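Chain IDs A, B, C and D follow the sequence of writing; residue 1 opens each chain.
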Amino acid sequence: MSNRGEGAFVWIIPDGYIPEESTGSQRSHEAICVLNSSDADAHLSITFYFENRDPIKDVSVTVPAERTRHVRTDLPDHLSGAEIPRGVPYAVRVESDVPVVVQHSRMDTSQEALALMTTLAHAVAG
Amino acid sequence: MSNRGEGAFVWIIPDGYIPEESTGSQRSHEAICVLNSSDADAHLSITFYFENRDPIKDVSVTVPAERTRHVRTDLPDHLSGAEIPRGVPYAVRVESDVPVVVQHSRMDTSQEALALMTTLAHAVAG
Amino acid sequence: MSNRGEGAFVWIIPDGYIPEESTGSQRSHEAICVLNSSDADAHLSITFYFENRDPIKDVSVTVPAERTRHVRTDLPDHLSGAEIPRGVPYAVRVESDVPVVVQHSRMDTSQEALALMTTLAHAVAG
Amino acid sequence: MSNRGEGAFVWIIPDGYIPEESTGSQRSHEAICVLNSSDADAHLSITFYFENRDPIKDVSVTVPAERTRHVRTDLPDHLSGAEIPRGVPYAVRVESDVPVVVQHSRMDTSQEALALMTTLAHAVAG
């Protein structure tokens, strides 16, 4: 296993959307899931893009060496205080100082039961 | 961050399908989600392919610089007036004049509750 | 647009599974969704792999020029008569004589409501 | 078809999570789905990463030649006895001695009905 990390330095997720409504015991949310398989901490700088306003840039998140982090975009304390509004389309760009792998998932409980979707982010060639 | 954009110029989505039925407060739909991280507007030309008829070509959509757009395929006013029928398999090809990233998602409320699915589109090598 | 086709000649889908049960008006099923954006017909040869038996090889499917086809794996008449059993894990390999793009989706109605999942297949480098 | 296998030697899945709750007749679970299209058995070494503890390394799984295996991460007997806790984020790295293709899927029955999500894993360049 490479100790210098695996994956890419830049990842992009076009379809972000945190549903406004929730039902049942689980709240609708999204997570940016990151694996840092290297032996150095990964320092992420995250940008959030919107349809009708300027981006929120330079949101800092650290993923320790040999750890995963599932960063909830509906929880400001996962995002150094940044607030992503519910009910608004957004997109995400993740830049890291060591190679990582990024996946994005949504849990939607806005109608009865729940729905899930996920995809790997797009890895931008180095 | 590159100001000339990230991603690819051509993206393909084979599995398009807008369910005929909906339940609850949310209508079944699909969206082509695009991020333009460049500092220039992206002009998209979208082609819709079907099983038993000729393609609908050259549907124009603009994604402004540093913006995302979630293009609903069930709303003709998102597609310069083009109408995609419900209940029919289709596929999508997106061509852009600056590099973008494309993801495709479906919300299906045809039975109780709702279901979601998503995937990045396939990036055609330049 | 290239008239010689876009995508790849070989695609692989590891997670195939047609649920045994269905509820409501829609039957649980999977589809191999193909776009042929070229101006020549694409002749596919599909292999189905299983956990405990030999593969089913050389299932023929044609996708006409500039058409999509959503091939249902639960319908033998979509597969030149091949029968894929329900309730059994399987995997799929698609080989084409012109470049195509392949996506795989499951609709599961085995419990109340329905669930969807999808992913692009893995494109094998030429 | 190549007899030496198709795909990649290393695959990464950032978003693992086995829901604690289940409803109905189907238990919430995840599966690492692998296709080995080569004519030699594939010996996998799987690593599981967590947010707040050291990884579980060197979990051995064999996928016979021309077979698929859908490895349930909630079943220790699929993982040479390794136990992945429910209700905890994790990530997965799969390394193989022959090229394979890896996809990861979740079935969540924690609220009414069920939800599915899937994605191809990220293929690390050789």
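Basically, contacts are C-beta pairs under 8 Å (C-beta built on N, C-alpha and C of every residue); 3 or more make two chains touch, one makes a residue touch a chain.
None of these values were measured; they are calculated from a predicted model.
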Fitted rotation between chain A and its twin chain D in degrees, CA, nearest 5: 90
Copies chain C and chain B - interface residue numbers shared by over half, same or different: different
Centroid spacing, where centroids are CA-atom means, of chain A and chain B in whole angstrom: 21
Between chain A and chain C, centroid-to-centroid distance (C-alpha), Å: 30
In chain D, residues with contacts to at least two other chains: 112-120
Chain D contact footprint on chain A (complex, rising order): 1, 6-7, 23-26, 31, 33-35, 37, 66-70, 101-103, 105, 107, 109, 112-120, 123
Residues of chain B that touch chain C when the two form their complex: 10, 12-17, 47, 49-52, 54-55, 89-91, 93, 95, 106, 108, 110-122, 124
